[in-house]
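What follows is subunit A paired twice: with subunit B in the first complex and subunit C in the second.
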Partner chain A sequence: MSARFVAQRLLHGGLVLWIVATAVFFLFRVIPGDPAAMTLGFDAPPEALAALRAEMGLDKPLHVQYATWLFNLMRWDLGRSATSGNAPVAGLVFPSLWRTLELASLSMLVAISIAVPLGMLAALRVGSTVDQLARVVTTIGFSMPTYVLGIVALVVFAEMIPLLPSAGYVPPAEDLVLHIKYLILPAASVGLVMAARLARFMRAGMLDVLSQDYVRTAYAKGLPGWRVNARHALPNAILAFVTEVGVNFGLLIGGMVVIEQVFTWPGLGWLMIQSTLNRAYDVVQIAVLISAAAFVIVNLLVDLSYGVMDPRIAYE
Partner chain B sequence: MGARQLCGVVAVGLCLLMNPYGLLEQHTRAEAAPAPLAGGPAGLPGGQCPKRGGNLIIGQSGEPTSINPHRFGDQNARNIIIAIFSTLVEHDLQTYAIRPSLAQSWSISRDGLDWTFKLRANVKFHDGSDFDAEAAKASLERSMEPASGRTAPLLTRVKSLEAKDALTFVIHLSQPDRILLSTLLDVYMGPAGVTTERLGEAPMGTGPFKFVRWDRNRQVVLERHTNYWRQGLPCLDRLTFRTIPEESVRSQQLRSGQIHLSSSGLLGEMGTLATAGLVLHAPPRGFNLGLYNIHTNTRREPWRRQEVRQALSLALDREAIGRALFGFVQVLSNPMEANKRFFNPQAASYNKRDLDQARQLLAAAGFSGGVDGGDAIVCGLGFQFNIFGQLVQSQAAEAGIRLRLTILDVGTYVARTLGGRRGEYDIAVCAMVPKPDEYDLLNHPYAKLFTQTLGWIDQRREFYDLLDAARSMPGDSAYRQAITELQRIAMEGQAEIIAGGRLDPTPARAYVKNFIPHTQGNVFLEAVWLDR
Partner chain C sequence: MSRWARSLSRLRRNVLSLVVIFALAGVVGLAAVAESVAPYGPFAVVAAPVQRPSPAHWLGTDEIGRDVLSRLVVGTRITLMAGLVATLIAVVIGVPMGLVSGYYGRGLDAAMMRITDGLLAFPPIILAMAMVAVLGASLTNTMIAIGIVQIPRFSRLVRAVTLATKQLEYVQAARALGGDDLHIIRRAIFPNVASMVFVQFSLAFATAVLTEAGLSFLGLGAQPPSPSWGLMLDLGRKLLSKNPFYALSAGAAVFLVVLVFTLLGDTLRDLLDPFQTTRPGSAPALTSSG
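What follows is the complex of A and B.
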């Protein structure tokens, strides 16, 4: 794997991030909304709004605001958010990103641990009752919106059978057990829906590989079924599956908006929603940028993992 | 409407059918009026907390934009700020009379220009330092900074401030100001020698609770101020303001006891809350929690015409609006009806719907075949506003006024009414929270808000001149006449259509005792205690 390939991908990633940053900056200036009015309230008089806008630098021409922001961004000076209690933007975004990564990772773990065996089983017993059942289950999961499953899970496991706390967040340093308890329902809700999608992918990949000549040859050599599947079929089927996992994980980082809202999980999606409603431009810009960066990095890692999983793949 | 909201609507409907003034009303009656103690917190026997300690967890509808006492824009922020900071004067929560707080007494010079406040002795800030006249002066100065939007425009008559001695503070005015005390209700007292920005980052006041930490996007934690100037208060050890935007989740957490009180009403969840044995705290009798209003853009046709505005007001079926919102609406069209003391019964009333007269008015304005009323924007503050907006649209249509309804998120609504795109609407449907005094009930709907789009200021200059003059009137007789006349003009003009008073109750667990809702939606917690 060449360093040139990595450098090239990083350069492309940088370009993508600059485009995203620019688009988000101007998009938020186009949508109606006034951070000063959100800070001072409905009944703030025009003079007070003008004074606060000037303090926030919103009275300057748009290109000056953009250049200042970009310049500060390149110096890694993310500033403070006047519409979020004057908090440092980095202090808002990075803890939220960490919490989203935590939730997304656990969700993905749930999804993979269900999808791989279920997809394999369905492919190995194609056309059987097990396969039919798996298809029904995955279709239901596939068509179930995550937030519906989330709310149902809340009502059932937090209210009717109160096994778990409903929604919220406790830092692990404060109470690790409670922290994990709060994670279970949102991670399970996202993980189950994701599992349905990935299981179908796994099944299709396995079916494709199982019809290949080398699998038939392995059987002809008299290898036991489990060995053929584990050593010959699975490693080849998993390549496309890993790509799908990578893409979905990247999407999860920026796409946890609804589930974080339902479970009051203060991650990146929650932060983006709250900041958008409060017109905290400075926070949303960085949050979207970080989310895009995470997507770029995850994709790069997935690409790099191909070379490790399949020695035939080499990047020039 | 979500399934849970639908269940809530059905359940409330059943309750009301079985007993029109049944379950919900009983709760509100039972909890509405604890007996007040003169000059002290209401509802505590002998002024003492029956039980001490505990952590009250309050569910809030959003993350506060700030906890800066001089710069905040939302009720979630205000609820926290009023626990940390005290003011010179305060409302009696039963009568809404203004009474001493950090100012023990005050006197006014004969010409009404000098207000001398005697400050309470031995009042401590959270760091143990003394509250004195210098601190009061610095707090007023911060409140007069241009960006202190809530107070600066109302303090323009202040000529100078003087710390006469440690406990004597004087406000010198350029002209008399009847609403000075009312304005001081919003001037939060912080220490001298700190900037407004610093106070927002590390809030420190003399209030019953002191700031501990703000876990961003999660909660704000406060703890008891052990040197609080009201002996024996607060009853609670700790307050936790938790951000839970989803109404259904806030309701579920209230039912399961994970939170003890929801600072904003959960109207869409009332059915499930009422049947779960929670207490719904209503405002004291005779008061409401603000007004449902329809603001007309009088710079645009057809709303430039008084007849069209009157027609819309007559087209509204305020009783039906009340029924649709589970009865938590007071039927009124004159904001002063919420405060009968200055109410002018001679002013035109629109409480009774009259579609024939509405159509006649439209015809008189040249719209006998009906009229296109243009864009009606609705503030997306919750379930009840969507219903309110839809009712306005359908009831207006029955009179021949056609409206295109758009429900906007709060940011966009504010931008189109007050912000960079102000004036981009024909009518704006929302609610407002004036102070419960006769001046603000008129000033808030007709003058303070929307003056940049309210072309009515050109049409009815005399309203604004009289409103300004009334503020300087020394005697009660002339002042009463002015307020009476202002109501007459406002009710005739209908630039701001009042559709009803909000009575949304505050839901809480039954063991939360002595909670008294405030007419502006403020959550005062110094005398609240937990019975468990």
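What follows is the complex of A and C.
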């Protein structure tokens, strides 16, 4: 992979992060009403309001506020939340981000372990029962909201057959088994819906590869079918699939918002909703920023990993 | 055979398309006559709270004793309206953006594509959520936010088609004959773009319905006592052990409407895009995650 390719992608990633930081800054400046008054209440004494405004930097001109915002972000100072008892915002946001990533990773694992075999079988036996089944499953998966499947899962596995706890969270250090039990239903709900999307890509990618000349060559030199599939077709089909997994993983980080609410999983999305309802805009602002940054960084990593796995890309 | 005749014969061959169109007519029809077919008023307290299904109340009653089925039926209208308004906002802004971007290129294109990049840098639902958090939680703000988030779907698609079309000989001919920019965009390029926009409209509608229900579920969209499906899903999930049909029926309703519009998008693509060689399942629909 050429250094130029890496530099190019990093530069583009940095540019997008700057756009994101700017967008978030201006988005949270159009809030109707005075953030200081919302924090302290509208009947707060004017001196207290003025003091809080000064502390939040709201008394300075907009361009100064913007410069301060960017400068603080660059030296990794996410500030303290005036609306949440002056707690450091980083201390609220990052533990939530890890919990979201934990749930998203496990969901993706579920999705991949279903999508790869299903998509492959469907592509190897076009028109067969497996293919028809895959088609029905993927069509349903494309239209099934994860939160609806989550609620169905709750009804079946927590209410009707009480195998698992309904919704909640326990830190792994406290009770690892219970921690995992709480993870199963949300990860399965998100994973199944995601599997439907990914299986469709796996099938299309595999079909694409199977029609290539090198697969015909592999057959022509007398390799058995399974060996052609395992050595020649699958690795190439996986390539395009990995990009799709990466892009969808990025979307998952944001897409977790609703499922986290269903299962009261205290991730980043859950934090955003709670903070929005409590009007803690300084927390929402950073949470939105971190969520978008995670999305951008995942997409950047996908680009780079694609360059590693397929050197042709890096030289284009 | 004319293009329309060919499309029509393809439609007849495709039973699924017919089923989809009937389902669409059913959903729209239900929304139109909702109040008159609903057995009870959507806001009327008609029985004891949180009852399981019975002959009088097929899906039981909600937390204050309103008929769940009646609220679900009337909620169809909110869902379709939210989907329609949000998608129209995205079309009305995104399509001209894409046309101008693709046709004029240069600085204008660069500026508009940066706006698009900015919108695409966020996970869609997070951006919509942030906008609603800033503007205030209401159904109107939710529709606006969903519309804005979906602009890139249309601007990018239309830009790509415009870029490709403007190179074609008949567009060059229109210019050689003295057509001004507006004439060329309207008469030579737009017809090419229109069918793609139709397909995308249906898929964007599905995403909009999914997102509206999600945001209302989170308490950021429609507010009580609105019979919004997302809101019913949220209230119903707290009563799962007493009347599971409350949440499940709202969830099934969201699923069915999204399914109808996703399949409609696929059907429209088959009908309106005669150049596409459709291999079953080869082109994944462009719905976003929800």
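Following the convention adopted for this analysis, the second predicted complex is superposed on the first by the 268 of 316 C-alpha atoms of A that agree within 3 Å, B and C clash if a C-alpha of one lies under 4 Å from a C-alpha of the other, contacts with A are read in each partner's own complex, and residues count from 1 in each chain.
Operating definition for what follows: contacts are C-beta pairs under 8 Å (C-beta built on N, C-alpha and C of every residue); 3 or more make two chains touch, one makes a residue touch a chain.
This is a predicted model, so every value here is computed, not measured.
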{"item": "First (subunit B), second (subunit C), both or neither touched by A:Val302", "value": "neither"}
{"item": "Touching partner for A:Ala240 - first (subunit B), second (subunit C), both, neither", "value": "neither"}
{"item": "Touched partner set for A:Val288, first subunit B, second subunit C, both or neither", "value": "second"}
{"item": "Touched partner set for A:Pro162, first subunit B, second subunit C, both or neither", "value": "first"}
{"item": "First (subunit B), second (subunit C), both or neither touched by A:Leu223", "value": "neither"}
{"item": "Partner chain in contact with A:Thr264 - subunit B first, subunit C second, else both or neither", "value": "first"}
{"item": "Subunit B versus subunit C as contact partner of A:Asn278, first or second or both or neither", "value": "first"}
{"item": "Which superposed partner A:Ile184 touches (first subunit B, second subunit C, both, neither)", "value": "neither"}
{"item": "Which superposed partner A:Val24 touches (first subunit B, second subunit C, both, neither)", "value": "second"}
{"item": "Those residues of subunit A which subunit B touches in one complex and subunit C touches in the other", "value": "31-32, 151, 154-155, 158-159, 261-262, 273, 276-277"}
{"item": "Residues on subunit C engaged by subunit A in the complex (per definition of touch)", "value": "114, 117-118, 121-127, 129-131, 133-137, 206, 210, 213-214, 217-220, 233, 236-237, 240-241, 244, 247-248, 251-252, 254-255, 258-259, 262-263, 279-285, 287-290"}
{"item": "Residue ranges of subunit A in contact with subunit C within the complex", "value": "16, 19-20, 23-24, 27-28, 30-32, 122, 126, 134-135, 138-140, 142-148, 151-152, 154-155, 158-159, 194, 197, 200-201, 203-204, 207, 248, 250-255, 257-258, 261-262, 269, 272-273, 276-277, 281, 284, 288, 291-292, 295-296"}
{"item": "Contacting residues of subunit B [partner subunit A, same complex]", "value": "4, 62-68, 71-74, 145-150, 152-153, 197, 200-201, 214-218, 242-246, 248-249, 252-253, 255-256, 258, 409-412, 414-416, 418-421, 424, 430, 432, 444, 448-449, 452"}
{"item": "Residue ranges of subunit A in contact with subunit B within the complex", "value": "31-34, 36-52, 55, 83-87, 91-92, 95-96, 151, 154-155, 158-159, 162, 165-169, 171, 261-264, 266, 270-271, 273-274, 276-279"}
